Amino acid sequence: MTRLLLVNGNTSKTVTQKLLAEAERHAGANVQISAVTARFGADLVSDRASNVIAGHAVLDAVAHHQAPYDAVLVAISLDTAVEALREVLSVPVVGMTEAACWQACLIGNRFGVVMPDRNTLPLYRERILNYGLRERLAGLRAIEATVQTHHAAPVDSEVALHAAIMDLVVNEGSEAVVLAGASMTGLQRRLQPLVPVPLLDGISSGVILLEGLIRLNLPISHVNGDAKPYTTILSGLSGPCTELLSGLPSARTSI
Amino acid sequence: MTRLLLVNGNTSKTVTQKLLAEAERHAGANVQISAVTARFGADLVSDRASNVIAGHAVLDAVAHHQAPYDAVLVAISLDTAVEALREVLSVPVVGMTEAACWQACLIGNRFGVVMPDRNTLPLYRERILNYGLRERLAGLRAIEATVQTHHAAPVDSEVALHAAIMDLVVNEGSEAVVLAGASMTGLQRRLQPLVPVPLLDGISSGVILLEGLIRLNLPISHVNGDAKPYTTILSGLSGPCTELLSGLPSARTSI
Amino acid sequence: MTRLLLVNGNTSKTVTQKLLAEAERHAGANVQISAVTARFGADLVSDRASNVIAGHAVLDAVAHHQAPYDAVLVAISLDTAVEALREVLSVPVVGMTEAACWQACLIGNRFGVVMPDRNTLPLYRERILNYGLRERLAGLRAIEATVQTHHAAPVDSEVALHAAIMDLVVNEGSEAVVLAGASMTGLQRRLQPLVPVPLLDGISSGVILLEGLIRLNLPISHVNGDAKPYTTILSGLSGPCTELLSGLPSARTSI
Amino acid sequence: MTRLLLVNGNTSKTVTQKLLAEAERHAGANVQISAVTARFGADLVSDRASNVIAGHAVLDAVAHHQAPYDAVLVAISLDTAVEALREVLSVPVVGMTEAACWQACLIGNRFGVVMPDRNTLPLYRERILNYGLRERLAGLRAIEATVQTHHAAPVDSEVALHAAIMDLVVNEGSEAVVLAGASMTGLQRRLQPLVPVPLLDGISSGVILLEGLIRLNLPISHVNGDAKPYTTILSGLSGPCTELLSGLPSARTSI
Amino acid sequence: MTRLLLVNGNTSKTVTQKLLAEAERHAGANVQISAVTARFGADLVSDRASNVIAGHAVLDAVAHHQAPYDAVLVAISLDTAVEALREVLSVPVVGMTEAACWQACLIGNRFGVVMPDRNTLPLYRERILNYGLRERLAGLRAIEATVQTHHAAPVDSEVALHAAIMDLVVNEGSEAVVLAGASMTGLQRRLQPLVPVPLLDGISSGVILLEGLIRLNLPISHVNGDAKPYTTILSGLSGPCTELLSGLPSARTSI
Amino acid sequence: MTRLLLVNGNTSKTVTQKLLAEAERHAGANVQISAVTARFGADLVSDRASNVIAGHAVLDAVAHHQAPYDAVLVAISLDTAVEALREVLSVPVVGMTEAACWQACLIGNRFGVVMPDRNTLPLYRERILNYGLRERLAGLRAIEATVQTHHAAPVDSEVALHAAIMDLVVNEGSEAVVLAGASMTGLQRRLQPLVPVPLLDGISSGVILLEGLIRLNLPISHVNGDAKPYTTILSGLSGPCTELLSGLPSARTSI
């Protein structure tokens, strides 16, 4: 049996349940998914400061999860703390948005990204460019929809989403479109029949890429961290978090 | 049951068998793999001109394969004609080298690539940069090994390969290394215990990514090709090749 | 006397005649131009798959041309197989679109490109960016005109072309505009008086650059190909094509 | 009087004292500097995970500082949480490494960076490239020196540092060199007489740039954050941290 | 006392007075500013040819200034001859537009630039991209305003300026906006209350950055120029200009 | 008859004669070349400050040339003032180094550049990158040779040059090498038989590209300069220089 750990970097447990349900819909037959939720921070991260807090919260939530797992899906759409988790864990780690972007690159040349909340557009832009995907990113669009507004007026947000996707296709040459943001989860199934390009979602992409990485069964990199000139002293963190960052054998062999 | 089609763009059937064996080693339980070999061109493509011929040969080989399939693995390490196949088929298509590079990007920040044959280094360099991966590519190294030299002196080529990998790790900061080229197939298993970073191979990466794309079950893009201002007239091609390029329903629904 | 070989990678002999006539209009006094046409593939290449076929057809057409020549103009506007021809021939080879782009860079800082057929825009975009010209490319525009539509309604396509050029000048800051595509050939003369920037055409640019390269009389590069660790075995190709790719002295000294 | 707040994202108070002393050495006549230290995390951050924790710790430390201030110097050499602080504060915020890099760009065309600890090199590389400084970065070098090793064998680490600087000057064309890392603080004064290019230090650069930004007296950007479609709910954070992230008037007008 | 030399590369002494007044408004208490004006060339440089002339005029004007100074502000908004002055002087040199751009990068992620005169937009675009700031430049806009038109119809040009700034903020995501061009000087104070992002001006930014560089008191780079294989012979230049370029001690120790 | 004007931006008339002789060696049968020399500045420009002066001197020298001409070759290897000349003249203008680089791009994928004088390497690097040729530039190397040292010890400088070229070929993958700098002129003929890649020289490349541009007979761009919001007032320049910059009909129709 394969065990995935889904980490929601937002503190909203409602969102965690929604993300978990979507993940289970896409998981393979023999895959069991556990979900943990950030114990502190914003219910829905949408600015730089709460994203910084979410970094700590993602590490903390993983550290507090006792049961073993074979891979981690970082289920916060800014892929918060993904690189840090890779450094301290010995299992594959993938962020939901990088997962969707990478799948998009295997489908067509250039992809677009739609997100809710205009304020987050620069954050997504920076994250995706920092992945080195400038040449593959056709464009970004924001709509003004959240879990709340979507529940209040679902048709309105779907109309806006459809318009944004078509704008990315017609005017930017997007050959695939990533729907980014937890509040988008599942909407790709509703919109897909209405648009001419594949829609990608971080949760389904992430679950599938992680199952693949588990099968590849690669060793973790030993390049860094084995011969540090200096041993870090940690303080003020929770016990599990301290263990995780200390690179204790228990932490690095969490399988 | 899932059916993969492996297309060897080299004309060497020995290589096809080796690639097929490697692919089967990594395929999921319910996956059946067929392999087709280029009907014309070079036995092992290692220059620009024979790579151009291989483009035609890859399309031709796929066109002549009658049985249905769910995805195509382009098993020639310059990923020849991958984009063209995506355009004419309605199933996922992945090249072996892009598969390994994309997996590498999910493991660490920057990766290196080792290939046999110094003459092919610029071809790999161009291909990988044209994927937009400049920011993720730490470096490239060539060793002078082929199927022939490797069989004649296997220890020598493994020593050279080990040195090239370590050079990419120590001097270029590679956090993962892709072994590119059909003659490398399987060597990643021999070298992995000797090096401190994950080694990636296009066949295993490609099989696993394709199984994932099949599960995602995305529609093909309808952006282009549906409203051409001009209907192309094809001539001088084999019947199956003409059908494939004509976008006949049979071709586009080969599932 | 200088002998140019013009290779049309499309199978349309009507187009070949048109391209040849344009080339002769620009050739120097002492230049004789021969033209060969692709023996197989699409009459007018406008998608990735037929462009892949055209690569083989360009090599094949050059291989079947018996008479000696001093340079080759690849007269298919995606510059198909240009790099492969450079590898196997010992004479200068230039693609029509790269020729026009390079001339544009000697005239002003940034240039635009207009092409017929919206579906081909991504193909031109990729080709030009792969030349490394991102910093010089101001923008791309497509009109919906082909040889057919232009003959049916010449005024309409010229109006569309004029609008596209002005858009590139006014909104993108293009200081020169390349008209790309065989069906555009000659239109630059009609449109030039109506627009405020120089218009460039691949055939005139290519003929003139090739005459210059012949005069420079540079040796071919011996960097690659002279000490291959492995001798490629070719099969299934026409005799002339096999000879061309085999690097037989006859092929490499076709002057 | 101008009041600077220096935030050490490492938990070592010894380092804070050293950084504060260096800052006071460079501060203007009428400048008073307060220093706060991370309340949790690593004593000296040198990996991705503890840097993620430091993000939270930087916000937390600033939030707990009650006295008013006119600008913030983020005195952890990966410039941790700088962008997040800019978002929630209404005063200028500068990171010590960006400060040194920006000063370097006003002195010459390309600069190099030397840091202690080979493991941190990729972290600096990513940070500086993410600033968009690829064209200005001549190269990076790591020496193996820390506060500990430097105290144990100061001459050894200065010899290594001198060699690294000269390597960046001679082989990479660096016209200025940034010494990055808290353990480097003050070494620029020792090494400067021995090398032919200006040496830059984040603390002196940061203090001076911040004094300048205070004098410019620019308003903060109101582009984002004023019309959010959704009000974030924070939980599990300390009271001051919650206030800081809530954008309460008290937080945003801490001057 | 600190002595700044402001060099106007335009020949208009009216503009020099305006720039000097603005500089004095921002200078520190103990700073004395002298201003010199180009002795030949265009009154307001707005094309490439007069900008080339201005390069000579800037060097000439500095050379003819006898009194000592501690830093030079190049007060022509294309930052003409800044790198050349750095080469021959032993004091800090900053251009007004680079100063504003660098300050913008310390305030937000991406900035926009507004300039008068559509014809100069490509010149600013090239200059800023050549600084390596592609990733930070959100966009450029030109309005049609000059000192003349602004005096004739000040409200009109401010309306146009406001519209251009808002376009950069709303449509390009600019988090700060640089007003470039001598005729813009001072307008940032009028417009700032009307727009939601900080406005930057080259004179205030330049004065403040130079005061900071003087305080850093860095040595000049000795990398180049000390061991030339060849001693240049100068002719046809004014005496002071010849001395300046000859690297005479007087020139290189003008403090 | 075709008339070229060669402008030497260095004041050395010996160099002008050498450049003219090389140009005449490559000129077509019906081409007459006139040469003008900078009237002021450095005899051999090798630093930024004298290059700035050379910009004025190039414009001045062209302005003082009374006889008509059909194209201008800027024969100073930093291509000084090329863009400014394009702006004020109505005939083609090409710089010698851009000419060689552009020819190199039509021969192979990546090229290297060798120059005399290590101090000038950053100047060439900046110029070539500012042309947008980053993707095509394999590397740069400097040797320590000048006209003087070459005359004193010709064998030594050729040995150094050969070593630099081979370094660019073997270690950087250069498929062609540009010899930059007036003192290199003619050496490409001596070295070509000894190296495996084509050597390019700015004078031969420039003459040939200009003859081609003359044949293309393109109009000049009218995008800029026709509707300036402000008429520049020039002062302090020589009469011919003032006329040239004033865009007087005489200047713009110098053919």
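Just so it is clear, A, B, C, D, E and F label the chains in written order, and each chain counts residues from 1 on its own.
We take it that a contact is a pair of C-beta atoms (placed from the backbone, for glycine too) under 8 Å apart; a residue touches a chain by one contact, two chains touch by 3 or more.
It should be emphasised that the depicted structure is a prediction, and the values quoted were computed from it without experimental measurement.
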item: Copies chain F and chain C - interface residue numbers shared by over half, same or different; value: same
item: Length of the line joining the C-alpha centres of chain B and chain F, rounded to whole Å; value: 45
item: Distance from the mean Cα position of chain C to that of chain B, given in whole angstrom; value: 28
item: Of all residues in chain F, the ones touching two or more other chains; value: 83, 86, 109, 122, 126, 135, 173, 175
item: Pairs of chains satisfying the touch condition; value: A-B, A-C, A-D, A-E, B-C, B-D, B-F, C-E, C-F, D-E, D-F, E-F
item: Chain D - residues contacting chain A, complex; value: 11, 39-53, 55-59, 81, 83-88, 116-119, 122, 126, 130, 144-146, 148-149, 224-225, 228-230, 232-237, 241, 244-245
item: For the chain D and chain F complex, residues of the former touching the latter; value: 109-110, 135, 173, 175
item: Residues of chain E touching chain C in the complex; value: 121-122, 125-126, 129
item: Complex contact set, residues of chain A against chain B; value: 26, 28, 83, 86, 92, 94, 98-99, 102-103, 105-109, 131-136, 169, 173, 175-176, 192, 196-200, 204-205, 208-209, 211-213, 215-216, 218-223
